[in-house]
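In this document, chain identifiers A, B, C and D correspond to the written order of the chains, with residue numbering beginning at 1 in each.
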């Protein structure tokens, strides 16, 4: 079955179209990657300084995946996200303020503080929510695709999940249905090499791509650190899915920079500092894309630096706002258990 | 990946070894197939004459699968079975009396009448039980294999299941673990073309064989109507599994003669009478094997007929016994909820 | 009034709602041509087509998840779960996803779906096809739970369930599918959270669900001849539960029994009995008596299975003892 | 006596039993090198090797099924389920298979396995990582359910669970993993079905489970200063339930509260309260009061989450009202 060649922006290979044609999109993607990184840096600090409650999982390092894919989507297109979901949320168009408020359990949060990091959702941009059950959203994404088709809409659903989630049987059940019914859903497997403290090779037999193909689903693998390669493939598949040629499966090779969760500090026993350093030095999606943007003349170095400063300031302002923002009133505790109005 | 050639006894192709070498095994397999057919004929009649309570699913037509595989197993080897489980039970060595008693809810039944047709188990012969949850026993078989390996035994586990059960996610979860851990388990998929009232093609995308192969599992397909082909393949794979070369997956093409369950009488809307007639006329595992046994000089026609009469008489006697046998005492109703003795 | 079977009543409810609202679809195993093994959905695929009556592979967790996603995005799925026993397979999608989505999203997302399934033993279907598992879902905030006790109830409650914007689990009694009851031709809905006083009485209140309503009525009938006047209350939905109707009745009769086909221990009888004990304490002349199914897996043998569920005789006998003051077990 | 954490107590119990019986093995996600996210199993893989401390893929239904099969064939698996919330994923293998196998086979097959998991909110882990779901498994015949309330309890109950020939589900309180309690060096087991009278008292019986035992004790302590004498009972196992100890206490104190961290409705407080109501009816001076968690999915926000579970203050306040006779809600 067709596999996308692993195009690499840093390798200096020519992109599909001339850089200047598309500079708006390129800068938007760059900015979105910066925004995710800035968001996570702030979130990490909030956690380490004990200002953020609960558990959180950083997306840093995987930015090109969320951004490359979401750039190919419209606001009407749906995504489902994971426990490591901040990146998807930002990439799909969410605002920092509502996100930080959610992470801090404040009333202004996207979910009025009830969801938190692991359940953040942004219905206005088609993000059906992070999910704290690994693999838990695979049916939801598939159902969103079925719903779109049945109701005569042309939106596409993208299901983000990790390599570890491929061990959940639910995935095979819904891929089977998606294939039988030709649903407009794209299964995007972010293979960051680990599920929690375990290497992917120890928990996944055979080939992930082949598993999807065995259900008659066209499957692709792509360098998840290369936002252009990801976006090019996603653009093609989203267009095809919209025409009823889905479903599709993509394996994206990527890496998480932090621990499994923010408290996962001593991780030598399962992955080496060297390995981490190598990924950061050689395969950082932001650094490499910046180099390419400058080389192609899409932007000057200082423009990019300015953008970074601006994004960082935005994030800091949002954090400051969120820290001061009020908690939900205690009366909200038993609100929203049920939808109150009858249909 | 290697696939067993679809050898067919009826095609006159020479068997792996000379017929006379192995006549004991051939006649045992023939007898076991007859026993299953006789058992089911009686069970069907019991049901139709309202003497048998509950729901039951006939194995008739699929005899070569259970017999070909179980002939390759020792009593210590384990099997797990399905809602269509009488055939597996007989093939693994069970007695008619205890089986009919079980089907009638009598105290002498294998499960003291508590299990019935859908839960019949025969621990003494390594049958871990039928299962009324489609796919429900896939973990059990895999766990039996793990247990054997861990405890230093060399027994192999065979998991019988239908094509419909391949839609249960559990299968992919346990195949992954079996492959990672190289467990001595054989997944035997009896593809009889239907799950309930639905054709397999409508509920299974892609290829069943490829699904197993994607987990790095060697997979084979074989004519499930040809007891010799089934037995030859099973023998090879059981031996390899015993040596630690498992797991394996086999797809066996077969057909059920009756409805999905005994009450499924009007089935024109999902499968034609013609199709049924063709399978019975051309691919009956018993008729075809009998023809081969006679042609090869393993047995004379009248010997085989004598065997059939004997088996039928056995079945009738067992039914007569079971009909008269006592029900369990009412005091048994709350017995066996828990094992009473501490370990 | 015409009489129709419970099976037909459910079929009508779904057909009427599907005609009214094109966002509704049916999904499950063998729901289309086969119309389910119980034939409850016969004819619907002919009217609504395979795009709205969707046969699935045998993937309960999968199609439950698909329904949740569809419900979050503008559809109103009705999920058909062939046997209540398969609830165990869909618990994650039902309880971790469907039930919590509205709350976790701070009210932004909703999951309007109906999960229709069944309950009830004594069909000789053994331990994995005979369970009455409504207590499990009743415990999970965010799910409504309806338990129709007749064809009439089944139709009205199904229509309400379909129009509700929340996930609703509705349990039909398998043994009742072929039972007829008067059902009006005209449209009607039965609101959730309003118990039905099926029979008025003075001496004793029986709160009974689903299959047990008829058992209670039969017992009440027998007791009537002995001068014991029984009020029978069908809560109709156990979530939301109409506490007021139950408490008012108990305050009047001063005695209560709670009868249900789920296993007795840690089942719904405990909840209802303890609410009565809490809130009608001073009115009670006797301890509240609970009768659930025995705490055993359902045995196959007919000689054993019938012992495991409450019967009219058993209920009547308990009631007699209660009124004779013979039930004060160790008290 | 030395004091060790609950985490260490569980670790010791498992290690001691694994030394004793080579058929025992551990299976679950990140149980080996990582020793679970809570580090409860640290060091075990070093002693017992990867053949007996088995890391699995993220396949809860799968490894639960594997454990059932292993238990049926001579092994004694201990299944590690990382969060109690994932119970929904293993319900079919646990409740349709493990729980029923012994019964369905007429006593021929058995499934000696331990499922260890946890419960408890107020860790800011939100709706899918904070549930206390013991009521669900308590309802299923064939499963035993243990709820340790301290390091001492955790060790003794775990050892008993491992030696039991039935499937046992044991719920540890996540918030207690780092809490220390005196635990003897010598081997001891705590039998199932024998409640612990944690504190004696005259005026009121509090039956409390797991995390709520400490809440009840704190409330009892506060009330003591006000002249209210509270008896606190920890059932230890809710299946089997030691009814006798509870009833004896209530017969003495004439008042009872039942406190549990599961959702209140259709949870375990209803069962225990209704058994008290049934069997100690004439001894009760006031309705049995139940305090469970609120019937809401667990909210993430710290401002909301803490409202959802019983606290010492809340429990003490209810007790005061009860003793002042102010609780007779509409009665």
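Rule of thumb we're sticking to: a residue touches a chain if its C-beta (ideal position, glycine included) is under 8 Å from a C-beta of that chain, and two chains touch if they have at least 3 such contacts.
No experiment lies behind these values; they were computed from the predicted model shown.
Chemist: Which chain pair is joined by more contacting C-beta pairs, A-D or A-C?
Modeler: A-C
Chemist: So, comparing C-alpha centroids, which chain is the farthest one from subunit A?
Modeler: Computed centres place B farthest from subunit A.
Chemist: What is the distance, in whole Å, between the centres of subunit C and subunit D, each centre taken as the mean of its C-alpha atoms?
Modeler: One centre to the other, that is 29 Å.
Chemist: Just how far, in Å, is the C-alpha centre of subunit C from the one of subunit A?
Modeler: 41
Chemist: Can you compute the centre-to-centre distance for subunit A and subunit D, using the mean CA position of each chain? Integer Å is fine.
Modeler: Roughly 37 Å, centre to centre.
Chemist: Please compute the C-alpha centroid of subunit A, do the same for subunit B, then give the distance between them in whole Å.
Modeler: Centre separation, subunit A to subunit B: 46 Å.
Chemist: If you look at subunit C, which of its residues touch at least two other chains?
Modeler: 56-57, 59, 61-62, 85-86, 89, 92, 96, 103-104, 126-128, 141-142, 294-297, 299
Chemist: Two-or-more-chain contact residues of subunit B, please, as numbers and ranges.
Modeler: Residues 111-115, 119, 131, 133, 136, 167-170, 173, 176, 180, 202-204, 337 of subunit B each touch two or more of the other chains.
Chemist: With touch defined as at the start, can you tell me which subunit B residues reach subunit C in the complex?
Modeler: Residues 53-55, 105-106, 111-119, 131-136, 164-165, 167-169, 195-198, 202-204, 269-270, 327-328, 330, 332-334, 337.
Chemist: If you look only at subunit B, which of its residues touch subunit D in the complex?
Modeler: On the subunit B side, the touching residues are 78, 80, 109-115, 119, 121, 123, 128-129, 131, 133, 136-148, 150-151, 153, 157, 169-170, 173-174, 176-177, 180, 335-339, 341-343.
Chemist: Quick one: which bits of subunit C touch subunit D in the complex? Just the residue numbers, please.
Modeler: Per the touch definition, subunit C meets subunit D at residues 85-89, 91-92, 94-96, 99-100, 103-104, 126-128, 135-136, 138-142, 238-239, 241, 247, 262-263, 265-275, 277-284, 286-290, 294-297, 299, 328-331.
Chemist: Which of the residues in subunit C end up touching subunit B in this complex?
Modeler: 29-30, 33-34, 37, 55-59, 61-62, 85-86, 89, 123-129, 294-297, 299-304, 307-308
Chemist: Where on subunit C is subunit A touching in the complex?
Modeler: Residue list for subunit C touching subunit A: 23, 25, 51-52, 56-57, 59, 61-77, 92-93, 96-97, 101-110, 112, 141-142, 144, 163-166.
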